[in-house]
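Have a look at these structures, which come just after this line.
Look at the two complexes coming up: chain A is in both, with chain B in one and chain C in the other.
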Partner chain A sequence: MNADGNVGRTGGIRPEMRTGAWVALLLLWSLGPMLWQLYTSLRTPAALLAGAGGLAGGWTLGNYTAVLTGDPPFWRYLLNSSVVGALSTLLTLALAIPCAYALSRRRVLLRLLVGGGLLAAAVFPYVLLFLALLQVARQLGLANNLLALCLPYAGLQLPLAVLLLQAAFAELPPELEESAVLEGFSLWQRLRWILLPLMGPAVVSTGLLVFLFSWNEFPIALTWISRSELLTLAPAMARIAGSSVYTVPYGAFAAATVLGSAPLLALLLLFQRQIVAGLTQGAIKG
Partner chain B sequence: MNALLLMAPALLLLLAVFVWPLLDYAWLSLQAQSVFTGLEAVPVGPLNWQRLAADGRFWQDAWQTLRFALVSVGLELLAGLAIALLLHQRWRGRGVVRSLALLPWALPTTVMALGWRWIFNDPYGPINGLLQSLGLASVPFLAAPELAWLATVVADVWKTTPFVALLLLAGLQMIPHDLYEAFALEGGTPWQGLWRITLPLLRPYVFIAALFRLAQALGVFDLIAVLTGGGPASSTESLAVYAYLNAMRFLDFGYSATVMLGMFLLLLLGAAALLVWRRQAEVRA
Partner chain C sequence: MSTAASLRVDGLCRRIGGRAILAGIDLEVAAGECLALLGPSGCGKSTVLRVIAGLDPCDEGRILLDGRDITRQPPARRRVAMVFQSYALYPHLSVERNLTLGMELRGVPPEQRERELTAVLELLQLSELRRRRPAELSGGQRQRVALARALLRKPQLILLDEPMSNLDAQLREEIRPQLRAILSGGRAPAIHVTHDQQEAMGIADRIAVLHDGRLQQCGTPQELYHHPANLFVAGFIGRPQINLLPQADGTVVGIRPEHLVAVGNGGLAVRVLSREWHGASQQLLLESEQGPLRWTCDGNQAVGDDLRLGWEQRHEHRFRQASGERC
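Coming up: the complex of A and B.
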């Protein structure tokens, strides 16, 4: 450290250090609660009762073994959520892409009108719909059918998906399609070979948001599914929470939260750019 | 090719999921359908609506839901702005920090609500552990009405601030840097720049973030259901939780539909008020 370095910051803290302190605070706030779950999940019941924050002794993997060998084993919920998430995403995209395409080729006035309706539906607190949807499910015999969850999930995510994809279609130059029409391409061929390859980023962003929603959805899964081996992650967590309200310590609960969070952490680290793009586009274009 | 044909499947599903339930509730709210009617629907006219108007628990929950939404979203906007300003600066490792900071938003609400229940646990949670090691008495966060609703706010702010921060960050990235340089040349300080350039230009983004978040917060269900179950003594119960209890615990479907429709009407009223207020703000500007 030379002399003039010190002269420049008499009485003050260097800006980089201030930024560093804020970043540390942000990470502590964002990750602290999860790190606490990780810590709890690795402690024995006796160690947890002895006091929060101890480090000496009392480490165990027993909480994980308990959760993973339960009835049903915890990975079953993760599998159920993955299946529902993947199928809901495919169904939503299959319905939203043609709809968004048709909408993007319509007059501006219609697009604004439909766009307004879709935006209202996208921000609507969908929990209000659960009772009517449950009645429909019972009448059609869809209760306790894991795959049937894709229908309400696709319906609930269509507004956001159509808005996002419509904006992406509208950004493609119209000349591209016009020349394909002259070449004699059918609508399906134009969509499949010309337009969709250019839509990759938008389709991936939209799909990720739909997947996250379906993976995390609670009230509809809670009311449609009662058989425990068919539960998705969110209602399974609520059932674990409700089954033993007064049971301390929380070692097994914490192991469940860690196992339930890990896949999403991986997804986020792999696809953060696409998820961020989808999120910001969704709000701004909508 | 017929555009309507391409849109038809999506529109049909949208009608089934969004429009049909509201029509169903309108009909159901004029029926008695509960254990007293053997779960058969019996027309009763406006009886459910009269009950709603006089139902103290409904209005109490409406107030609690509004308080939760306004306080949570207000705090989220403040914290979200601070985080967006931090992430907007250039420093090493910014991309990784942005992903990690987004984690709370990506997790299922029920997972993290269970996590927060352990953090607020009395006396074994870490907050009470810290208080005890300082020689203080532990605090029953989830058992005292005054504290339990604050606990729900903290958990909600933790979970959804990343969403607000990302939206505001996108807004910050739209502001041309020249504006700040010109402002600095005129002798403006960074703090004045925040008030005179950043915040006015960020306003549409703040509005969008507030709109999305208010709508979600007013419908809060997952978080309350797992963190407090609406307790203690219904002090954290939201309207959505009340509607759920009416249907699934009290098996009073007619009244549950009325509660949900009542909540929907209150939301419409709020949305209309927001639009009028925004219109007036635009006229003034």
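Coming up: the complex of A and C.
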């Protein structure tokens, strides 16, 4: 960029301006719908019907109070989703870390074969499974059990998690573990003190992917849970949208959307550094 | 630092996919002795270390440490410490934690940990660096931390896998005597793998030359230099390389470049092709009817000079051309 500036003094800031314009456009493209929801959630129904885009008058927090004082109140769904998300994530990681470690220490051929199977499982459209899963839930009496949702969620996310973590294990230099072996570390001690701390970013980004899936999952949650105080976020939102035959509660729906995405935003901001490090792992030499 | 022990390796074999990486290696290292495993890259010298440490399986042969057979023992129970080429320091831990974590997990009580840590930091001049992370250390400092970690293991055997290869030439020369002093200060035998003969001669009491998975010769640096057992050792040990002159009777005569002398008549007729001046000596590349020759001398020859060279009988090495063995 310096070179550009030196060559064309007259148009010195033009490249930066162009970059800025592109960034602004991209931000608008990806953040636009969310900003629109935020705007909608803060408008009275009358203001919404009067026409889009008005800024004068018609501001209200009524949509939020309506959603939060509903029956059951909206925070209940947030809590349900958080519990299911956290448990699914923990369960997936607890199963995926040993699998990934074992796989990364196998011979290349076996790793490729198993990896191929896992990849196939990871890209399989799980929606095709939900009727069968519903039968399973009925047979085992898992319907209307919030914690039971973790089982299909962990099961469905396990292949991807194993693949991601296996790659992260494979990237650690083997001498690190060999050195720990010679020092007398047990397998568990090697994982706990040497390998996992070095894989922090990969574990965090894998965990977040699982959490996101569980947070957004709709068909299984919809069919396994029918009691309204046990609903997770996605089916609860659908209920708000379809609560009345005669009107569409735009404002309340938008308020629910904003409230539902707030915890995710908080999580992403909290783990931002690890996520970026996890995504670029292997791109630069440690 | 450790109890006296000796290492004996009998007929060590290692095969990968039907190919013999090691074909029957016999070694013996006495307590307190440092043996250098020297050989070109790919000769299997690192594999010897890995098999002795238990990181690679031993397909045939026996490894005896202090009289006990450790061939089938898991690596953690062998009481063997290794300094890796990359040092393998735990990057997320400070120097101090790198050194104490192992002791802590082995259940060494805190006071003893602190005492041993202080002693080893002192010995290797690391006291000032104890709070730093490996990334904040220079290559030489990292190597010392790796060595400190190996010593704290109180090993009955220390293995060093090319520990100098990541250091610059000047630092290597500085470190060699220190490393030698530290290794001989402990009573544990040490095996030092290197491809650098200078390093091997500078550090080791004895050198084992390895080539193609076979032991070529094992002896003191002087033995290897003055009595190479075969053509490979003769060519590998000594810089500049030995001159090899094939004879009509199916033997090869080897003459070290520094043993050639200018003679008035007789000897070999040569012409100076090129000249490198090294201060104390000069290194000449000569042309003769038997092919190119190397000569180290302190005279003042110029490129293009014609000379006659000879050598004393006692400096002559004779090998069989077919087998490469010494006559």
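Criterion: the second predicted complex is superposed on the first by the 253 of 286 C-alpha atoms of A that agree within 3 Å, B and C clash if a C-alpha of one lies under 4 Å from a C-alpha of the other, contacts with A are read in each partner's own complex, and residues count from 1 in each chain.
Keep this in mind: a residue touches a chain if its C-beta (ideal position, glycine included) is under 8 Å from a C-beta of that chain, and two chains touch if they have at least 3 such contacts.
The model shown is predicted, which means the values in this text are computed figures rather than measured ones.
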Problem - chain C versus chain B on the shared chain A, clash or fit after superposition - result: fit
Practice task
Once the structures are superposed on A, label A:182 by its partner contacts, choosing first (chain B), second (chain C), both or neither.
Solution key: second
Problem - Partner touching more residues of chain A, whether chain B or chain C - result: B
Practice task
With the two complexes superposed on chain A, say which partner A:197 touches: chain B (first), chain C (second), both, or neither.
Solution key: second
Practice task
Answer with first, second, both or neither: which of chain B and chain C does A:23 touch in the superposed model?
Solution key: first
Exercise for the section: Return first, second, both or neither, reflecting whether A:168 touches chain B, chain C, both chains, or no partner chain. Expected result: neither
Fill in the blank from the handout: Value for angle(chain B, chain A, chain C) over C-alpha centres, in degrees, nearest 10, is 100
Exercise for the section: Quick one: classify A:78 as touching chain B (first), chain C (second), both or neither. Expected result: neither
Practice task
For A:127, select first, second, both or neither according to whether it touches chain B, chain C, the two together, or no partner.
Solution key: first
Practice task
Would you give the minimum C-alpha distance from chain B to chain C, in Å, for the three-chain superposition?
Solution key: 12
Problem - Overlap of chain C and chain B interfaces on chain A (superposed complexes) - result: none
Completion exercise
In their shared complex, chain A is touched by residues of chain C numbered 53-55, 75-76, 78, 80-82, 84-86, 88, 90-92, 101-102, 105-106, 149, 153
Handout entry: chain C contact footprint on chain A (complex, rising order)
Key = 173, 175-176, 178-186, 189, 193-194, 197-198, 286
Handout entry: Residue ranges of chain A touching chain B (in the complex, touch as defined)
Key = 16, 19, 22-23, 26-27, 29-31, 33-34, 36-37, 40, 48-49, 51-53, 95-96, 98-99, 101-103, 105-106, 121, 123-136, 151-152, 154-156, 158-159, 162, 187, 212, 215-216, 218-219, 223, 233-235, 237-238, 240-242, 248-250, 253-254, 256-257, 260-261, 264-265, 267-269, 272, 275-276, 279-280, 283-284
Handout entry: Complex contact set, residues of chain B against chain A
Key = 1, 3-4, 6-7, 9-11, 13-14, 16-18, 20-22, 24-25, 28, 83, 86, 89, 91, 93, 95, 97-104, 106-119, 121, 124-126, 128-130, 132-133, 158, 162-163, 166-167, 169-170, 205, 208-209, 211-212, 215-216, 218-219, 221-222, 225-226, 229, 240, 243-244, 247-248, 253, 256-257, 260, 263-264, 267
